[in-house]
Amino acid sequence: KKHTTAENYQPKKLVVEFNPSSNAGKMEARAKPLEKMLEQQLHIPVKVVVSTSGSSMVEALGSKTADVAFLAPTAYVLGHSNYGVKAILQATRYKYGPDATEDVTDVPTSTYLGEIVVRKNGKVKNLNDLKGKKIAIQDTTSTAGYIFPAVELEEHGINIHKNGIKTFTVKGADQGVLSVYNGNADAAFVFQGARKIAAKDDPNVMKDTSVLYKTKPIPNDTISVRKDMSPKWDKKIANAFQTIAKSKKGHQIIYEIYSHQGYVPVKDSDFNIVRTYLRKVGRLDE
Amino acid sequence: MGEETVLELKHVNKRYPNGVKGLDDINFTVHKGEFVAVVGLSGAGKSTLFNSINRMVDVTDGQVIVDGQDITQVNGKELRRMRRKIGMIFQSFNLVNRATVQKNVLAGRTGYYPTWKTLLGIYSKEDQQKAVAQLEKVNMVKKLYRRADQLSGGQKQRVAIARTLMQDPTLVLADEPVASLDPKTSKGVMDDLYNLKKYEHITVLVNLHSMELALKYADRIIGLRDGKLVYNKPIAEANEADLREVYEHGRDN
Amino acid sequence: MGEETVLELKHVNKRYPNGVKGLDDINFTVHKGEFVAVVGLSGAGKSTLFNSINRMVDVTDGQVIVDGQDITQVNGKELRRMRRKIGMIFQSFNLVNRATVQKNVLAGRTGYYPTWKTLLGIYSKEDQQKAVAQLEKVNMVKKLYRRADQLSGGQKQRVAIARTLMQDPTLVLADEPVASLDPKTSKGVMDDLYNLKKYEHITVLVNLHSMELALKYADRIIGLRDGKLVYNKPIAEANEADLREVYEHGRDN
Amino acid sequence: MKQEVPQLSFVRRFHVVGIAITVVILILIYYSALITGVDVNAFFENADQFGVVLNQMKHPDWPYLTKIAGTLAQTLQMAIIGTTIGAIIALPFSFLAARNIVRNPIGRLIIRLILSLIRTLPTLLLAALFVAIFGIGPMTGVITLAFFSFGMIAKLFYDFIETIDMGPVRALQATGATMLQTIRIAVIPQISGQFMSDFMYTLEINVRSSTVLGYLGAGGIGLYLQQTLDQFDYPRTAVIILAIFAVVLVIDAISNYVRKRLQ
Amino acid sequence: MNKTKTTALERFKWIVVALLVIFIYLWSINGIPFTGIQKSASSVSMAILKGIIHPEWSYVYNGSGEDLVSQLVITLAIAFLGTIISAFLSVPLAFLAAQTTKKFFHPRSTIGKVILTAIRAFPEVVLAILFIKMVGPGSFAGVLAIGVHSVGMLGKLFSEAIEEMDRSAETAIIAAGGSKIQTFRIATLPTILPALMSYTLYRFEISVRSASILGLVGAGGIGTPMMFALQTRDWSKTGIILLGIVLMVIVIDTCSSTIRKRLG
């Protein structure tokens, strides 16, 4: 059995799983460039695979068939409690500007925001108007698309399971925006920047919808390693990613393929807010 | 039984795409009400001949004149109208196994109905009575609502005959109607065919493997070998030794 | 042609699950080298009789003694050994359509091989030569490597006969071997069967629809009606009128 | 008894064609294994890991059933409507694609190509395109399923039509019937049983593929499947799988019954 | 007398079945909210159309090993291996599930059928996760997931082919004294092989289709880029991928119909 508690695993070959964050405006299924650069840094063979399911990545880390994975906040939190997955880095992205155009600034940040999008000049003028309305949400594990807005609404005295609110699940924040635009929903929980994706097909989206509310900052995706990775290697891997992000060619690659700006160190406690919200969201329907 | 010509073949040739000469310059005439037996080895071209007469296969050249009209020259509606007049009885019965005897017999009437009526499965009252009458002739009325696949071989053959009669044919082609039937059933079927000729003056062409039956029922015997007409004599002139000759020297065994 | 008994049926009954009495107290004896024709209406029980002899169907009661041993009492390996001695020729040939003539003929030898050799498709050199020799007898050597589905009906039947001969049978059962074959091919097949008796003293039971053939080839004629043995006479005593009687008064037409 | 066995041609004696095909397949397998990184060691070394998740499914969270019941019903409804629409459209096309009914090879070829394209286009792609046009919701699911069912049933069906007994067809033509009449009288009775069986089969596939449709928000049980997986709530995943299993079992039983009845 | 009675009963049964079917359809239609065409439909369709008309040609091949051609090749390789695995696994299960005698209840066949149904009911997604835990993320997990998942469907098709096969050749071998295994080798296998091959080819087509699900396991193949393109509304990329798939299907179709014809 390979179940050891000691953190002494010295990889001879690294399997890195990568899942582009769903809140990126551009995604590419490319692994090879990163693979090459990691090999240069780590001097062991590296296999980068692009996967589209967070849960499958956590399971792979759990069974130690993968060593490193880019995990979204919820996946990380669940992976940490189930399999002792360790976060070593966090991705940074350019912040969105505060105005309605939602253009990006050039300030990197390790967090992002959730939004509640409504029709401009529609029936919903403030949070209280959401009572009795139809809301398009993402999966119940999505931070920006469900957990954060739902919990914060509760803090404003609106319970998404009560107050006559009807929710329906859509796939993709762009679909959330479009269902508001098309009048299928009165509001949608999405990540910041979703309106711009939808506007690619129909520019009127920017004009006809507006942002009613922005959530507290949500931590960005992590780079996590399996539980038994030795601290020495934790550091080696973290260094490797950071070095790559800083080099000119490396930065270009992580930006073009993954929309990342760089990587910063991260503590497990940075995710306490996600844990708290997860707990709260689970109690909403009690 | 007049001398009126019902069927006339003139220089009929049929070459299959693979080069086999199915029919090779066939010429003969059949009069109204004649009962003609066609004999020949396996592969001699008997089925090809029958299929050419109702144009289930297209002849390569020559004329096939049925009731004064060349069937090789017509098409579409007119072809269907001509086929309606030619009843075909297949060796393998070709009943719709999953339909009842009644439905199978009525199917013979299809050529007289517009398509939409068929699609809805509508048949007139007269035709339903006619179907019973035809089954009466072959002694099969009691099986009217049986499914065809529950019948014995001889019974199926009789249903096929009744179906053909529904067409009001002037000419009946029967391709090996009694092969693999036991002698008693064979006799029944041959008698049924003979009655067509006798009581309704329908012209009948039968393809037979049994010379005994050919000599017993036919007015005339036509022999094929390797696609060629090698024998054509009224029954009075035919004899067994003569006929045996037809079976010799075939292309292949 | 001694008086040695090859086959003996004693009080054989077969009742099908649906209640039909396929065989009803059948008793008869066949001697070595006899050529026996079995006749009867469709549904009389001829196929049931043949299938009972090599135990393709289990009889309800009675004894079927083949070469001194009761086949109804044996099982497994012993049953297979007995079946090996009984060659069966089916009306529908039952060849493996996608295999060559050679493979089909060799398949008759299966009972003599251990399973693993069969799995690997190994046959001895002698058996391969034997297969050619058998095909020679039925004049089919030139089709040795043809696939069975490319043969005509008569050719298939001859391959089936060659396959049966490979078993070195002491008893051959042929179920309607010439139905739907033309007279010439029929004659060829019947001659082949007759030669088995004549040159190899193999006992042959043939189920026939043609009385003409029965009278011509058989040493003895057995008649069935509604599962009962109603006729059993050596050829010398048999006559056609007599036989016609077998076909009357059947259960159904 | 000595008899020369005639020699086969070289090509057939040494099974040249058979061996060549085998070799080609082996080469393809080899390269496919190379491309896909087949690792037999990993397969056996880690065999125990296969059971880890299954183990957690051992105790299904039965009360969850009440929560998914509505969606399960919707999954079935989508499948039934989608399959029916697809089947109705498929029927005429399968006749047009059948070699023994339509003799024009070019038209047939084009129809067949379209059909196989529809069958092969990934459900996800179809669903995503339809979502873009019809928006999120079960109706999109229905349209996607109808589209796929059309391709699938038409294919299963023209394959079957090509094997029917042509005897009755020729008999009908010989009576002077038109094509449509012939199909109605001589073909339909022969194929109705198989049609039911293919229909049920496609229905079953559609019930199962709703697990994928959910991924796109096209409705159905797939949504819950993904949620339970993302939350590592395997006891609930187990309930979903068992529910699908039950539905598939019932459909399979009905289809077997119908098949036997109509034989 | 007796006869009319049974017909009445039959007719009654028929009416019950018909009512049941009507009820099921009413229930189904009732459950589907028929939403109309969306406000954004025309602009979105135009965008899609524009993208598909202007495919991103640069993606076709760029030597990186992660272009359209390479991804299609990987997809084919996964589908091919998966299909081969499932074909082998299916045969024994199919024989287990085939009901070869006409009995009312048939325990062996029932067990086999339930096993096959259980395999079919297991979603590909879940299988993929099980296999990732075993062999790690990558194409191999995808091969295994497709291989096992296909067994359910292929086994069912195979078993039905076995149930409906022509048994006459088997009869002849049994009559010649062949054992069960010998009969299988000499008569059953050659008779059933073309049907099995034809279903396997057919399953291969469907496996290519399953490739989209493989993005989950990092199997590579066309599924992942396709999903990303769809999610980010990158229609020109979707367009080129669509084109690639269409071409691939045409090639597969031509090959498989050639093979099928030769099998005939």
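We just call them A, B, C, D and E in the order they show up, numbering each chain from 1.
Here is the rule we use: a residue touches a chain if its C-beta (ideal position, glycine included) is under 8 Å from a C-beta of that chain, and two chains touch if they have at least 3 such contacts.
Keep in mind it's a predicted model, so treat the numbers as computed, not measured.
Student: Where the contacts of subunit B and subunit E overlap, which chains show up?
Tutor: C, D
Student: Give the fewest steps needed to get from subunit A to subunit E, where each step moves from one chain to a chain it touches.
Tutor: 1
Student: Of every pair of chains, which is linked by the largest number of C-beta contacts?
Tutor: Among the chain pairs, D-E has the highest number of C-beta contacts.
Student: Relative to subunit B, which chain's C-alpha centre is the most remote?
Tutor: If we average the C-alpha coordinates per chain, A ends up farthest from subunit B.
Student: Let me spell it out: compute each chain's centre from its C-alpha atoms, then which one is farthest from subunit C's centre?
Tutor: Looking at centroid distances, A is the chain farthest away.
Student: Express in whole angstrom the distance between the two chain centres, defined as the mean CA positions of subunit A and subunit B.
Tutor: One centre to the other, that is 79 Å.
Student: In angstrom, rounded to a whole number, how far apart do the mean CA points of subunit A and subunit D lie?
Tutor: Chain centres of subunit A and subunit D, defined by C-alpha means, are spaced 36 Å apart.
Student: Report the inter-chain centroid distance for subunit C and subunit E in whole angstrom, where each centroid is the mean of the CA atoms.
Tutor: Each chain's C-alpha centroid was found; their separation is 45 Å.
Student: State, to the nearest whole Å, the distance from the C-alpha centre of subunit D to the C-alpha centre of subunit E.
Tutor: Measuring from centre to centre gives 5 Å for this pair.
Student: What are the residues of subunit C that contact at least two other chains?
Tutor: If we look for residues of subunit C contacting two or more partner chains, we find none.
Student: Among all residues of subunit E, which ones touch two or more of the remaining chains?
Tutor: Residues 35, 38, 44, 48, 125, 129, 133-136, 138, 227.
Student: Give me the residues of subunit D that touch two or more other chains.
Tutor: Residues 42, 46, 49, 52-53, 132, 135, 137, 226, 229 of subunit D touch two or more partner chains.
Student: So which chains actually touch one another? I want all the pairs, not just one.
Tutor: A-D, A-E, B-C, B-D, C-D, C-E, D-E
Student: Quick one: in the complex, what on subunit C touches subunit E?
Tutor: On the subunit C side, the touching residues are 54, 56, 80-84, 86-88, 90, 92-99, 103, 107-111, 113, 115, 118-119, 121, 160, 163-164, 167.
Student: What part of subunit D is in contact with subunit C in the complex they form?
Tutor: 1-6, 8, 12
Student: Within the complex, which stretch of subunit D touches subunit E?
Tutor: Within the complex, subunit D touches subunit E at residues 28-29, 31-33, 35-39, 42-43, 46-47, 49-50, 52-54, 73-74, 76-78, 80-81, 84, 112-113, 116-117, 119-125, 128-129, 132-135, 137-139, 142, 155, 201, 204-205, 208, 211-212, 225-226, 229, 237, 241, 244-245, 248-249, 252, 256, 259.
Student: In the complex, go through subunit D and note every residue touching subunit A.
Tutor: 42, 46, 49, 52-53, 131-132, 135-137, 215-217, 223, 226-227, 229-232
Student: Would you pull the subunit D residues touching subunit B in the complex into a rising list?
Tutor: 165, 167-168, 170-178, 180-182, 184-186, 189-190, 192-193
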